[in-house]
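Data first, discussion second: the structure below is written as structure tokens.
Chain IDs A, B, C and D follow the sequence of writing; residue 1 opens each chain.
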Amino acid sequence: MSLAEAVSPIFDGATVMISGFGGSGAPLELVHALIDHGARGLTVVNNNAGTGRVGLAALIDSGAVEKVICSYPRTSDARAFTGRYLAGRIALELVPQGTLAERIRAGGAGIPAFFTPTAAGTDLAEGKEAREIEGVPCILEHWLRADFALVKADLADTYGNLTYRLTARNFGPIMCAAADLCIVQAREIVEPGGIDPEHVITPGIYVHRITHVPDPAQEEILVANNAVYP
Amino acid sequence: MSGDLSMALSRKQMAWRAAQDISDGAYVNLGIGLPTLCSGYLPKGRLVTFQSENGILGFGGPPPKGEEDYDLINASKGAITILPGASIVHHGDSFAMIRGGHIDIAVLGAFEVANNGDLANWSPGPGGVPGVGGAMDLASGARAVWVVTTHVTKSGAPKLVERCALPLTGAKVVKRVYTDLAVIDVTEAGFVLRELSPEVSVDRIREMTGAPLLLEGEPAPLKAPAGL
Amino acid sequence: MSGDLSMALSRKQMAWRAAQDISDGAYVNLGIGLPTLCSGYLPKGRLVTFQSENGILGFGGPPPKGEEDYDLINASKGAITILPGASIVHHGDSFAMIRGGHIDIAVLGAFEVANNGDLANWSPGPGGVPGVGGAMDLASGARAVWVVTTHVTKSGAPKLVERCALPLTGAKVVKRVYTDLAVIDVTEAGFVLRELSPEVSVDRIREMTGAPLLLEGEPAPLKAPAGL
Amino acid sequence: MSLAEAVSPIFDGATVMISGFGGSGAPLELVHALIDHGARGLTVVNNNAGTGRVGLAALIDSGAVEKVICSYPRTSDARAFTGRYLAGRIALELVPQGTLAERIRAGGAGIPAFFTPTAAGTDLAEGKEAREIEGVPCILEHWLRADFALVKADLADTYGNLTYRLTARNFGPIMCAAADLCIVQAREIVEPGGIDPEHVITPGIYVHRITHVPDPAQEEILVANNAVYP
């Protein structure tokens, strides 16, 4: 399946989870295909809010993003987000990183809400239900689900079983499970049986579309080279 | 550095001092910036496993220039190396590790620490773009939170206070503070001075501290190798 | 078998009938007992992936006798074989898969099904040792819950009822029921008869059903290969 | 470390999680060492409540178990539990299997409580807080933690990183994380580096004691042979 075909179902106003922590695990080719596809009014879930002028930053630059749900929008070169945010042209829901991960995990695991000690007693607890459980102050957090996930994998088999390279794993497995439609770019696609069942990180049940990107770009390298998309 | 005190510890010396207290076998998360330096100053023979919240347990320093693999990074998004016995987990599992109380020590930076253990290190206050990252998860999840920080701000204001003025990262979480002038425990009774720079009097350090500084016997002299 | 009706489907025929409706590409969990038989009767060329709640996706039938590996079992604790493209997960992740709505179809047995979709299949009532296993997780988590069961109990009492008398496994969860005499959808309006054994009149099946049985046009004849 | 030494910290009245689903993943040798060790008044967390007269069934037969928290005590030969239960000599907390798994996972992940749709509207929801979230009836469940976990692994390295054989993985990874002290029997112990970091299932941070059991017994085989411990 081509990149363009893979992202073609993404509609205006969709919530889109994008894997990656910084550039590691960022599905740049899928994000660039989404820019070309042209869906607007998107809510994006990512740990960050883009760096430089490629990937998520380029998606924001294209004006397609209405809201970002993330833990840390202040990356080394966050001009795309920062400019729009300070001008009031993009919304931000700031979530502690572990709570963000747990909310996404809960979305995939069918847990509508959970109590967590993280952020209890802080400004980020404002408006949230608070409760002390076994002596620990907690706040109630709700699951996070998405219409689509864009995820970068290393190996995929044709059933959608995935592995990830090293710390590029980060948000991939939990985002695959939390989206109605999970779209994956894989460095290599193998036949069923090509991945040891004990080494599968994301079972194929979570994956709906796979596109082959044999030599994926690395965001850090592109940013260092001042690359711009498109 | 704390004001004009020439005998204040350097950043590396502060990291060295904190590193001496990391026990053998500990699992440790080092915050971005100054705390990261601790990994270079562990006493010889001490086995410490570093966790980075993006999902790796058991990593080493940066690779030689030109050999960076940006699929192998730490929470600061810097390239690292992987050590034998390492493991990779996804973000959900990584923060389960942190939130679940499995990290023995988180060494963090701070804007302010209050004498009830409150920590403010994520937001410089209103305005600008906010960013919290994993700070709150580490502050509330680690078994022990240590802070490494200068004793006062660049303008000389105390960073150890009775009540944090800046937005909290976590309430009642800090156990110990390593500054460039002192080592201070956060106890039920408040700040207790454990070590003090030999150049600084108790009265002087109290002036530089925004909350009562208790003594339990004479503080030991704060020392670190010269030349760091 | 339902009472003395000689033309009622056999257990294998019931499993066959349900299996015909499992769509290509589906991820399916088969409950213990009768539902398990469905895996043997999929139409040729249909790719269906079976999940077992102990943590495996993509398994096949039992191995030859003597080659059982009891580290490779299904939820019934029977030895199975593993197919290319399988994956293993831990119990937490396996039930995340179920609870999270990723299983397309759970085919379950039942003591009773109510016409609002309530399912009772875990407890025969007070007394004895209770055991629930994964029944409630499957009932509330799967996208579609199908029930395969005889139409009436051994003593002839209806199993399709207006209200379950036995403890519920899940409220409003059943979508479709395959019995030895009929195929019935559970709709907002209640039970709708879709297929009926050619030997049985609508009046007769209504007598054997403990809740109103609606018609939307003529029910199709319920068929299954002879000799199963 | 010997089996006896591995289980020596287990105290009277402790809560002990025991891995395994039926016999698959059951750490029989550790459980038998626990019988020999002699701790009493235990609360055991397991999916089942023992089969035949070995393993958990033998532990129950020894009179050491006061309470079982499980999803399905009705195994093929559950006489040890059944007799005591019907005589009112052992307590049972019956938990739906997925809720049991999620409560254990929450215990390890620092989530004190969560809302789940499982069991809402059933007898097993009695006494639990109910709430409709996004239109779905849910009940509140609390984390489950233990003083000790006894877990069967396949490979272990000396840092405690673990792998598991096939479906013997089941409760192992979540129990390791939910116990104050995690005691593991491993078929093979290797040096750090002997397990690919991407293939580690349980990171060593969760594991505190490892004992080497090179040829572990399989419960199904013992039960079929009417084996009895001790």
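Structure notes:
What we mean here is this: a residue touches a chain if its C-beta (ideal position, glycine included) is under 8 Å from a C-beta of that chain, and two chains touch if they have at least 3 such contacts.
Since the structure is predicted, the reported quantities are computational estimates derived from the model, not experimental observations.
Rounded to whole angstrom, the centroid-to-centroid distance between chain B and chain D, based on C-alpha atoms, equals 37 Å.
Computed centre separation for the pair chain B/chain C is 57 angstrom, with centres defined by C-alpha atoms. Centroids of chain A and chain B (each the mean of its C-alpha atoms) stand 29 Å apart.
Counting partners per residue, chain D has 102, 105, 109-111, 116-117, 166, 169, 197-198, 201 as the residues that reach two or more other chains. Counting only residues that touch two or more partner chains, chain B has 56, 82, 88-89, 95-96, 98-99, 141. Taken as a graph of touching chains, this assembly has some other topology, since it is neither a line, a ring, a star nor fully connected.
In summary, the structure contains touching chain pairs A-B, A-C, A-D, B-D, C-D. Every residue of chain C that touches chain A in the complex is listed here, in rising order: 27, 49, 51, 56-58, 82-89, 95-103, 141.
Against chain A, in their complex, chain B makes its touches with residues 52-56, 68-73, 77, 82, 88-92, 94-96, 98-99, 123, 128-137, 140-141, 167-171.
Residues 105, 107-111, 157-159, 161, 177, 191-193, 197-198, 200, 203-206 of chain A are the ones touching chain C in the complex. The touching residues of chain D, counted against chain C in their complex, run 21-25, 47, 71-76, 78, 81-82, 85-86, 92, 94-99, 101-102, 104-105, 116-124, 137, 165-174, 201, 218-221. On the chain D side of its complex with chain A, the touching residues are 102, 106, 109-117, 133-134, 136, 138, 142, 163-164, 166, 169, 197-199, 201.
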